[in-house]
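Labels A, B, C and D are assigned to the chains in the order they are written; within every chain, residues are numbered from 1.
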Amino acid sequence: MKARYFAWVRERVGKAEEEIDPPAEIVTVADLIAWLGRRDEGYAHAFENPKIIRAALDRAHVKPEAAIAGAREIAFFPPMTGG
Amino acid sequence: MKARYFAWVRERVGKAEEEIDPPAEIVTVADLIAWLGRRDEGYAHAFENPKIIRAALDRAHVKPEAAIAGAREIAFFPPMTGG
Amino acid sequence: MEISVQREDFDAAAEARRLTQGRGDIGAVVTFVGLCRDEDGQLSTLEIEHYPGMAEGEIAAVAAEAHARWPLKGLRIIHRFGEIGPGEQIVMVATASTHRGAAFAAAEFLMDYLKARAPFWKRARRADGTVEGWVEAKETDEASAARWSRA
Amino acid sequence: MEISVQREDFDAAAEARRLTQGRGDIGAVVTFVGLCRDEDGQLSTLEIEHYPGMAEGEIAAVAAEAHARWPLKGLRIIHRFGEIGPGEQIVMVATASTHRGAAFAAAEFLMDYLKARAPFWKRARRADGTVEGWVEAKETDEASAARWSRA
């Protein structure tokens, strides 16, 4: 699946998007955040506080408990500050 | 004092303004409405339902209990429909 | 100039723009424009009568109250009188503030209070030439104004 | 066209006018414009990042919700991204309805929901050249959106 990062999540991870292939035991969005956070220092910094990370599956907001199975695109970003 | 009439109060009374000189026993706005209502058919029609008549003393909204003493101008009109 | 009571039409956009021109401290502008509806083609013109002097005074009092309640950076109110055709503008209120909450609340307050306090009366002339009665005040307007009263 | 997510500035007045043009059934138009504040001269530009595709989708969902809740005769939303200078427009929402209550409520709802749901992020560049951190979301914005939830 494609992972996309925005705002300071993007800056800390060091890229705007990438293909990821999480193992089968990564079931939920929260699992994926924890898995990504173990990748390297940048990811660890980006995902150090999972509570403030927002996620979207195929461009719809989802909660940490949401299952990622079947999604083609997952995005991670800070709370929105538009408007 | 000058009396001014607006909207359908003006139409029923038949004039936009006039000088009035109510007797001393006419103390409040409500007294004045009752007194004017006894003048002729037009006034009676204008003031037949005192509850829906609004009044202003010297261009400030007042209640029926307000004393008219000292006022230079009193206006009578229906509930406002501006905006 | 904050308040105008006038016969002429107005440029609501230019008025709203004037509130922010050359300023960097405004984050939110809310503009309300009230228009004359054609009542499904039945309406020819709306005649708006007003009480000169008192109308300006009451609108000024309402504006002062809005300034006292919200941190406004600017405010503009225009209310027309005379003959107004279907689709034409009747009234505008524009409010400017740092944040949107104050701008929205003040604009809505101003409209509710204008309806309840400003001495204007509307009468409809129908497309078939007959004059309709005076527009009746709505109880909902009284209620809208009442919700701003402080306990 | 109800919704635009664009880099270019917009003419809020022309957009609002377009909602009423040639119509006699609209009694109220509310226009909100959100502007970039200069933060007492400290701000050079605001950079707005967005999630293309999702931004349009979320705004469309918010607009659909507004149509479902209020009897709107028209609606227009524009949100910019990219570099925005002090005093420039960032966002606009315009709502048209028969009566003012619906137009006001829908406009405020749209802004609250845009803030809470549309994927945009702001970063400030200071006049002295340094880049400030990303603007933090305010708890009051969450609260503003939450007050529209139905029980």
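Please note the rule applied: a contact is a pair of C-beta atoms (placed from the backbone, for glycine too) under 8 Å apart; a residue touches a chain by one contact, two chains touch by 3 or more.
If you're wondering where the values come from, they're calculated on a predicted model, not measured in any experiment.
Peer 1: Enumerate, in label order, the chains that touch subunit B and subunit D alike.
Peer 2: Touching subunit B and subunit D alike, sorted by label: C.
Peer 1: Rounded to a whole Å, what is the gap between the Cα centroids of subunit A and subunit C?
Peer 2: 48
Peer 1: Whole-Å distance, subunit A centre to subunit D centre, using C-alpha means?
Peer 2: Here subunit A and subunit D have centroids separated by 26 Å.
Peer 1: Give, as an integer number of Å, the spacing between the C-alpha centres of subunit D and subunit C.
Peer 2: Centres of subunit C and subunit D (C-alpha means) sit 23 Å apart.
Peer 1: Averaging only over C-alpha atoms, locate the centres of subunit A and subunit B and give their separation in whole Å.
Peer 2: Going by mean C-alpha positions, subunit A sits 72 Å from subunit B.
Peer 1: Multi-chain contacts in subunit A: which residues touch at least two other chains?
Peer 2: Subunit A, residues with two or more chain partners: 83.
Peer 1: Which subunit C residues reach two or more other chains?
Peer 2: Residues 34, 100, 111 of subunit C touch two or more partner chains.
Peer 1: Run through the chains and report each pair that touches.
Peer 2: Going through each pair of chains, those in contact are A-D, B-C, C-D.
Peer 1: Please give the residue numbers of subunit D that touch subunit A in the complex, ascending.
Peer 2: 34, 48-51, 53-55, 57-58, 79, 90-91, 111, 114-123, 133-137, 141
Peer 1: Which residues of subunit D touch subunit C in the complex?
Peer 2: 12-14, 16-17, 20, 22-41, 43, 86-87, 98, 100-101, 103-104, 107-108, 111, 144
Peer 1: Residues of subunit A touching subunit D in their complex?
Peer 2: 4, 6-8, 56, 59-61, 75, 77-83
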